[in-house]
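Chain naming follows the written order as A, B, C and D, and within any one chain the residues start at number 1.
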Amino acid sequence: MYVKDLKWTPGISVKDLVNDFSSLGYQSTELAKAAEVFVKMKKNSAKIFLTFTSNMVTSGLRGFFAQLIKLRMADIIVTTVGGIEEDIMKASGEKFLVGKFSDDDVELHEKGINRIGNLLVKNESYMNFEDLINPVLKKLYEKQKMWTISEMLKEIGLTLNDENSILYQAARNDVPIFCPAITDGAFGFHLYLFQQKHSDFIVDVVKDFGNILFSTTHDDAKGVIALGGSISKHHAILCTLLNGGANYAVYMTTAHKTSGSMSGATTDEAKSWGKVNDESDVATVIGDVTIMFPLAMMKALEDLKVEGLI
Amino acid sequence: MYVKDLKWTPGISVKDLVNDFSSLGYQSTELAKAAEVFVKMKKNSAKIFLTFTSNMVTSGLRGFFAQLIKLRMADIIVTTVGGIEEDIMKASGEKFLVGKFSDDDVELHEKGINRIGNLLVKNESYMNFEDLINPVLKKLYEKQKMWTISEMLKEIGLTLNDENSILYQAARNDVPIFCPAITDGAFGFHLYLFQQKHSDFIVDVVKDFGNILFSTTHDDAKGVIALGGSISKHHAILCTLLNGGANYAVYMTTAHKTSGSMSGATTDEAKSWGKVNDESDVATVIGDVTIMFPLAMMKALEDLKVEGLI
Amino acid sequence: MYVKDLKWTPGISVKDLVNDFSSLGYQSTELAKAAEVFVKMKKNSAKIFLTFTSNMVTSGLRGFFAQLIKLRMADIIVTTVGGIEEDIMKASGEKFLVGKFSDDDVELHEKGINRIGNLLVKNESYMNFEDLINPVLKKLYEKQKMWTISEMLKEIGLTLNDENSILYQAARNDVPIFCPAITDGAFGFHLYLFQQKHSDFIVDVVKDFGNILFSTTHDDAKGVIALGGSISKHHAILCTLLNGGANYAVYMTTAHKTSGSMSGATTDEAKSWGKVNDESDVATVIGDVTIMFPLAMMKALEDLKVEGLI
Amino acid sequence: MYVKDLKWTPGISVKDLVNDFSSLGYQSTELAKAAEVFVKMKKNSAKIFLTFTSNMVTSGLRGFFAQLIKLRMADIIVTTVGGIEEDIMKASGEKFLVGKFSDDDVELHEKGINRIGNLLVKNESYMNFEDLINPVLKKLYEKQKMWTISEMLKEIGLTLNDENSILYQAARNDVPIFCPAITDGAFGFHLYLFQQKHSDFIVDVVKDFGNILFSTTHDDAKGVIALGGSISKHHAILCTLLNGGANYAVYMTTAHKTSGSMSGATTDEAKSWGKVNDESDVATVIGDVTIMFPLAMMKALEDLKVEGLI
């Protein structure tokens, strides 16, 4: 394909701009390719693993993730516990603020505000979370003593009343949410306090590994959309590998492969799984997910809509 | 401002998406801010310095830069010599190819192809450039023996016949192009060979420094749009500083400030120039320019169009 | 402090070079500062949380971590499960290879080799791990049905016979190892298979949260050394925060703060915890941990040795 | 080669640590390889092009560069004009300060201080530069009206009296310094002012391109050590390419190849030049040059000293 000169036309749509990206060069071309891989995944009825880190749920991507679950663009979710907490907080009316990367942390601390990049969360929101989660744990415990995370998150999702909530949409669309490190957050602390009072209350992470393992099969076509790195990305790759490897993979990250980290691992490796048919089934996009993901995914949604697939 | 949940609506425009970015978080918020600073620059009739590196001209951004010059969104251009060469090559019909970052360099070399990231340029294109530039130099030399770069580039621009060419549009819209390291490329080699035959042929870079210095004044409102780093970014900052500092600045780059390089320098420093009125006059966006710049600038163009300013 | 011209003197020691770094500039200065914070932590008898990601255990840093535990430079370890697995694999004689970042993944796959950056691990090593871990799980199960990770890892450590092993040294020096996502790896798969045969076998992650929570107190001076990002970094920060915040913090990472990720979070935030006395108690070093950490920590060890503190 | 567990031994030398790096993994292995390529360059009497950006001269690397010139580890220097200015400023007694990345820019501005990363330069130092450079230009002009940069820099170097100065050592060791964008700094402004008074004063950049072109030949073995990116890196690559390509190349940078920029270009391309014999003749190290370069180069110097080559 030849490089084409980009031109602005008044009223240009996201679809047309991403289309232009394919012949523009560098990461824009990779981004356009990612959109194509998204379309392929859906067309070929792949089981789609969507993974993201909690900072993306802090951002407004949260509502977009919920919409994608509703649109059946994700069959299995893997995330970190902060994302779970903040989705629940937002579903119960908490508001987060847009601040600045350069905000003074000492000053913010005095005001009882936490900073995540250029976003701000009040301590109060975390305290409200405490008031909110305890009655939920009680109800769960009354039902049974032993829980896997994914089952627990489904129950919580069913109690929420917010169309923009990831847990709400996942619960209603039978999309399991896995969180392999559930104790790594305020949620973990509350689970601990609850267990102190109810010593037979058990969170069974080993059983939940079986749940994600059997959420797909060797025979399924499988796709991984990994946004950011961390264990959420690793967990989806692990579980598709144990099922013979994914057929499609899109990784979006700001990390680079040069340090050997999972966050920076590219889709090159995916080619070694033996299920990827060719280069056009994988894409690695380097850049901030808040920009890269909406662009590529919205382009894919437009194309899938034309074909009547969403 | 509160973080807002992002939602896809079928047919969404670039304008609406970038609007949503302002309440999304992380770099998307910075990008939306960049769009606002672009609008401010134009509204307040700032002299706009647009700088970019040659790899962006290799990409399809070249046509967009030409369009921006035509739309009067840039008053002074600063770039590196590779960008000049490739603009001329494209204007004379050369085609560049979209390849892959992982293409085998030894194999490409055997085919006579050069790789710049995931873009490919044939050696042939460079040879055609040689055939093209020599008659031009002869004509220039017949006119006068001593040339500044910006005057030379204007003359060359007038000989081109391509609406998508940066030099073409710059020449026709009286936008000077400065290139402080003109010898750092094939162009330099041809200038050298020409000078060998015509020893009184002189390229006067010192005089051209005066030209860029007087391309604006202390009294002008001034804006810097620096895409990527290198001397093109530094040169624009230097020349606005010598004229009292810019009032507006947008830097877009993949580099980070942690190594102390010019490429990674942020607009924080701009606040120390004393002319920036407040935080809302500057923006630093981290990410690939092929994606970040079209998004932010097209959003600005849409807004300016509504106001009848372009 | 003035910038000083760096000079090579034949036979220069790591100690002297890092000393020179303090007046050299950019990340070298931050690195020299990190060394000073390490010394402060130890001198003030802080409880030191050392966190690292599994790719660092794949590398030769593994032996250095073991040595640091032996030297009492770490009181609490937090890591990801891959690091646990690979430490055990190495302790049982498995060898990893140094390869290249550009090795052909499809070719490696055919040879049964996995690539982690420029390091190579044979599939065979993972299979040997399986043979190794099953008898261990049987023995643990015979002792009791319910285990926390940290207790399990101590038991495993006691069975190993390798001075360079992290688990070996941790078990013998009463340094607990926490791994908040134990199922996110081959280990998780084997735990799952074991539980299939022994349904009353339970890994209690909630109880282990109590263990890390009570591994320190509000009254302790506390230090966090976070190498890389991921949940290991987050978990240590969370647990020190729940104990009133750390007094000292050094983060080393290749990630940047601009995407709002935990990996890229800097020690600026640590200043807001209220326990950090001044700027000299924290350091953020941007760069590859395999280089940055040995340099800074070896400098600290040299200084501590002079003072008789190790 | 197998991955080896790293161990601290009291009093460890830089030589031994970098030796250990070769079997440690990730960038540490690349760094050890860079040291080996430096040794190869020297052993095979390659013409060594050393390039660096001006921020490195702001740092204490300046004295190390001067020492390397004296030790004949560099045959041709390419840099940007800021580096030239600051070398001269330091040679005339100006002192730069170590500050912080987070210093308040508005506050610094009020104190008349410029910030370059975490280093600080007083405005006064720039003013003293003005007083210093004018008499020099006068003397040069009296000698002849037309100057190339490299000849001008040699003359200036001869007037300096500082063993730690790059220009001083280069002038005394017949190492030419090329600066393809001489007007992109305060120096350019002073050249301009001087030319205003002496209109026949000419800086001939085209002729200087011939000087660098003939600083080596097709027959010479050639090596490129490119620290950071920018035109200094590009210029050295261009000039070795026009002489048939380099045999050895080491690039050290914080930039990544994913944006297609020159700063992020890796040595993979060098393999396509046809002169690189094998993989062991090139190395790309990702990281801050203030740390990476002293480590790798000091290791090489130790090895070369043993062999009596320096």
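Details
Convention: a contact is a pair of C-beta atoms (placed from the backbone, for glycine too) under 8 Å apart; a residue touches a chain by one contact, two chains touch by 3 or more.
Worth saying up front: this structure is predicted, and the values here are computed from it rather than measured.
Any chain bridging subunit B and subunit D, meaning touching each of them, is among A, C; the list is complete. Among the other chains, the CA centroid farthest from that of subunit D is the one of A. The interface with the greater count of contacting C-beta pairs, when A-C is set against B-C, is A-C.
Remark: subunit A and subunit B have CA centroids separated by 36 Å (rounded to whole angstrom). Annotation: 26 Å between the Cα-based centres of subunit A and subunit C.
Between the Cα centres of subunit B and subunit C there is a gap of 44 Å. The set of subunit B residues touching two or more other chains comprises 25-27, 55, 58-59, 117-119, 256, 258-260, 268, 286, 288-289.
Subunit D makes touch with subunit A in their complex at residues 25-27, 256, 258-260, 286.
Contact residues of subunit D toward subunit C in the complex are 1-8, 10-15, 17, 20-31, 55, 58-64, 66-67, 90, 95-98, 100, 102, 117-119, 164, 268, 279, 286-288, 290-292, 294-295, 297-298, 301-302, 305. Contact residues on subunit A toward subunit C in their complex (touch as defined above): 53-55, 58-59, 80, 82, 101, 105-106, 108-109, 115-119, 180-185, 188-189, 191-192, 195-196, 201-210, 213, 228-231, 234-235, 238, 242, 254-264, 268-269, 271-274, 288-289.
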